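Could you have a look at this structure, given as structure tokens, before my questions?
Here the chain labels run A, B and C in written order, and each chain numbers its own residues starting at 1.
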Amino acid sequence: MKNLYPLFNVIIALAAAPLMFGVINRIKAFFAGRKGPPLLQLYFDIGKLLRKGAVYSRTTGIFFRLAPSAGLIAVLTALLFIPCGAYPAVLFFPGDMVLVVYLLGAQRFCMLLAALDTGSSFEGMGAGRDAHFSVFSETVLFLCLAAMSAASGSVSLNGMLFTAGGRIWQVSPPVLVVVVFVLYIVLLAENYRVPFDDPNTHLELTMIHEVMALDHGGPDLAMLEYAAALKFWILASLPAGLLFPHGMKPDFFGNAALFLGLIALTAALTGALESCAARLRLVKVPQMLTAAAALSVVALIFLAK
Amino acid sequence: MAILLFLVPFAAGLAAFVIKSDRLRRRLLFSVACAHAVFSLYLCLFPSGGEDYRWLWFGLDALGRYFTAVFSLLFLCASFYAVIYLKEEKSRPREKKEEGLLFNNAPEAAFTGCLLVFLASMSLLALSRHFGLIWIAMEATTLVSAPLIYFHRQRSSLEATWKYLLICSVGIALALFGNLFLAVSASGQGPGTEISIDRLLGPGVRLDPLWLKAGFIFVLVGYGTKMGLAPMHTWLPDAHSEAPSVASALLSGALLNCAFLAILRFYQLCLANGLGPFCRELFLIFGILSMAVAAVFIIGQSDYKRLLAYSSVEHMGILCFAVAVGTAYGSMLQAANHSFLKGALFICAGNILAGFRSKKIADVRGIAHIMPWAGVLWFAGILAICGMPPFGAFLSEWIILKAAFSSGNLWLPAVYLFLLGVIFIGMTGTGIRMTFGVPSIPEGKKSFLSLLPALLLLLLSLFLGIYMPAALDGAVSGAAALLGGQG
Amino acid sequence: MLDVILMLLVLFNLFSLGSTRISASIRVVAYQGAAIGVVPLFLPGKIPGGILVTIVLVTLLVKAGILPWFLRYAQKRVNVRREEKPFVGASASILSGVAALGTAFFISSRLPIPFAVASPFIVPVALSVSLTGFFIIISRAEALSQVIGYLILENGIYLFGIALLLEQPLLVELGMLLDVFVGIFVMGITVFHISREFEHTDTSRLSGLADWLPEVKRSE
């Protein structure tokens, strides 16, 4: 029975991921003095979209039709490698951190292909911007993972976040705080939150990610939204795994609750930031990500000594 | 007792800032300079029984005595010129021919005060037996000489002062790293070992070679910036050409030597710990590089004060080269000759500038016809500094050449002679063009009194080249012996 | 706790490299001085408590109080807000700062300290602070920025000295502090003069004196 716990954790993740976006929206509404949409809104949206049909433009080809499902499969596969608190991941092998980043990148690639497949200029512009920023954000992500692997001595996500447990903090606590901070910045960048992109914008000229979702409808859009929620969960598990209190040794449900709580906290923080901060000018985004890269290199240098 | 060499000029300098009467101030300057020169010359030539005047962190060994005597004599002549120069400058605002602007000079009290404190800080440097104190004295000389450069309140002086301040401060900060590395290397003797020369040269003291090497590199680059070694010399031509000639003479003739002294103190430690060959290699690289850079910029130089400044870079290169080939005696002698000759040349240049109102070589022609004494001294000075016998520079450069030959590697004397030759061509060509020919202005100043110090300095150098009394030889070889060199 | 301070110093370095606003740089230098000032409290050593507290207080007063105040005064007098044309842009400066940190770690790995130190990061961080200050001096054209860079350079050297050699006769440390103090004042006064004379403090435009520029350029 114990061997199935990692699988149960994945099921919990699959179920709880859309809740996080609800948390973000509720926090934003709270800051704005509104009541806001229900916490389970994304579930209702996905359910509604699944019941609808999809309309495909005549200029689109096979990539447009395949991309949403391919992206969702990539993200689901990546989810299998993420450990959840005090329980290991379903799959792990040395070097799987590279695979996870590539799977997330593959999902982005599918979306880019679909956007370019439409043949429209707005989608092309948005795809170009997304690809441009991904150069920086993926570099930073790799550097953070390298720093974490230097601190824990393992090149597997499972090894870093589960096996090493609390020992990862013993090398140099202040440096790891910097790593957590940079991971959070990567989370914001990869999930297109403020200050890198405004998820509520309706002006095409300012869209980066929304452009990708612009043309899809019905089940395709449902898959895109769900994949976005899972991506948020995956990237939030990294700092959550670092901050998880391994010393407490919780049982299964306690562990799940703690982990869920940590990720919900991340979502709340994101919502708060989105309410209080403004979006960066497009030319400043590479500068911000370069600064984040510099911080992660600094952390790497300190941890690798 | 020797501490008076520092205290008296320091007190006089502070007094000069508050004294209102110009005459009294100038008299104070000159009398302090006389007393300082007499005292230091006495200490140098007649050291009583070899004792070194130690007290706390102060003391005068043979090296310190020799350098003090040299810059003290130079300061004496420079202060004589300064008194005359200040009297002239006082009345009218000066006009700079090339820019056609009027400018005012700084208050004379500040200038005189800074001159005296400058002497005091150089004496402090020679007196220091503690590396931290040497550092403080070096930083003090930088800060105190900056207002001297900015005496003529105009744009180019300000630019020169800024470059001087910034580059030299950065260099001295690097030298501080060297001091700290030295302290780490000395920590093997026990925590809290003070980094004083006497303590570290004591019997049975072993310094960590790795940290000592690193420290020497930092000190060479750091104090080398102050000394004017290439490639850290970029502030030197600007600062020495924009400053009034009194300050240029002192900066070129005295301050560069003091920076060399600071490096030599570190070199003493390295010698005692077996790092001699390593240090000499570094001296060789910087020495030849400085000479080469100077040679390149002397050819085709258009400003005669910058010409003299690059000649200083060259001579600092020669000093390092001399230590590298093993003749510390030649290096010491060359240091004295360079000080006197460069001082004389800058004082001449000051007179020429006063007469011709331009710093450009192209504007100065036929000095010998309208200002005969200035012409003679200028031409003789240029020849002397290029190594013409019977002046002293020939003797010291000859000693260095001999040592270069005996070092075995024939490239060394070849490069040395080649670079000296190039500089000789550049400088004497300029000297001939300036001194002879049709005069470019109708009437020149015919004051002899302001040229007297230059004459005295030239005669000093001539004396050094012709006759070496036993006391003087003892002083030079005593200094050289501390650096492990014979010759 | 010492490691936290060292990490903060590195972050301050990167911030001073990345910002072109003079007032932000002055504030960062003040924080850096304060962080360095409290370092002696976290070092194991046999210094009597009274002397230790005096050193800490004097350092804090000078590095975090007087010098930043003077720089701000100079900035107001000279009326300069930001670095208009740095030779190296913000992102490239930050990356160079990281390269400087790497270099500092490399150098310190080749120079092992012969006695026990409180943290293996002190020497690399001190060297990196100095390298950052040096980089700021050579990459900025604004005179006040160069003075700030010099202050950061001296901060790094001071950290190295105070962290490794606390038992040294402290007169020299204090003498050093005095020298830096006076040095910054003299530089500040020169900056006033520059701004009065030229109506700007952009040192890249102070290029009337040079041997390789054509003589025609002597107009400024």
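Operating definition for what follows: a contact is a pair of C-beta atoms (placed from the backbone, for glycine too) under 8 Å apart; a residue touches a chain by one contact, two chains touch by 3 or more.
Quantities reported herein were computed from a predicted structural model and do not represent experimental measurements.
Comparing mean CA positions across the assembly, the chain most remote from chain B is A.
Geometrically, the chain at the heart of the complex, using CA-atom means, is C. Spacing of chain B relative to chain C, judged by their CA centroids, is 30 angstrom. Averaged C-alpha coordinates put the centre of chain A at 67 Å from the centre of chain B.
Rounded to whole angstrom, the centroid-to-centroid distance between chain A and chain C, based on C-alpha atoms, equals 39 Å.
Chain contact summary for the complex, chain B toward chain C: residues 98-99, 130, 132-133, 135-136, 139-140, 142-143, 146, 150, 153-156, 158-163, 165-166, 169-170, 173, 176-177, 180, 183-185, 187-188, 191-192, 194-195, 208, 210-211, 214, 237-238, 241-242, 297, 301-302, 306. Within the complex, the chain C residues that touch chain B are 111, 113-115, 130, 134, 137, 143, 146, 150, 153-154, 157, 160-161, 164-165, 167-169, 171-172, 175-176, 179, 182-183, 186-187, 190, 193-194, 197-198, 203, 206-209, 211, 215, 218, 220. Residues 3-4, 6-8, 10-11, 14, 18, 90-91, 94-95, 97-98, 101-102, 105, 109, 120-121, 124 of chain C touch chain A in their complex. Here chain A touches chain C in the complex through residues 172-175, 178, 286-287, 290-291, 294-295, 297-298, 301-302, 305, going by the rule given at the top.
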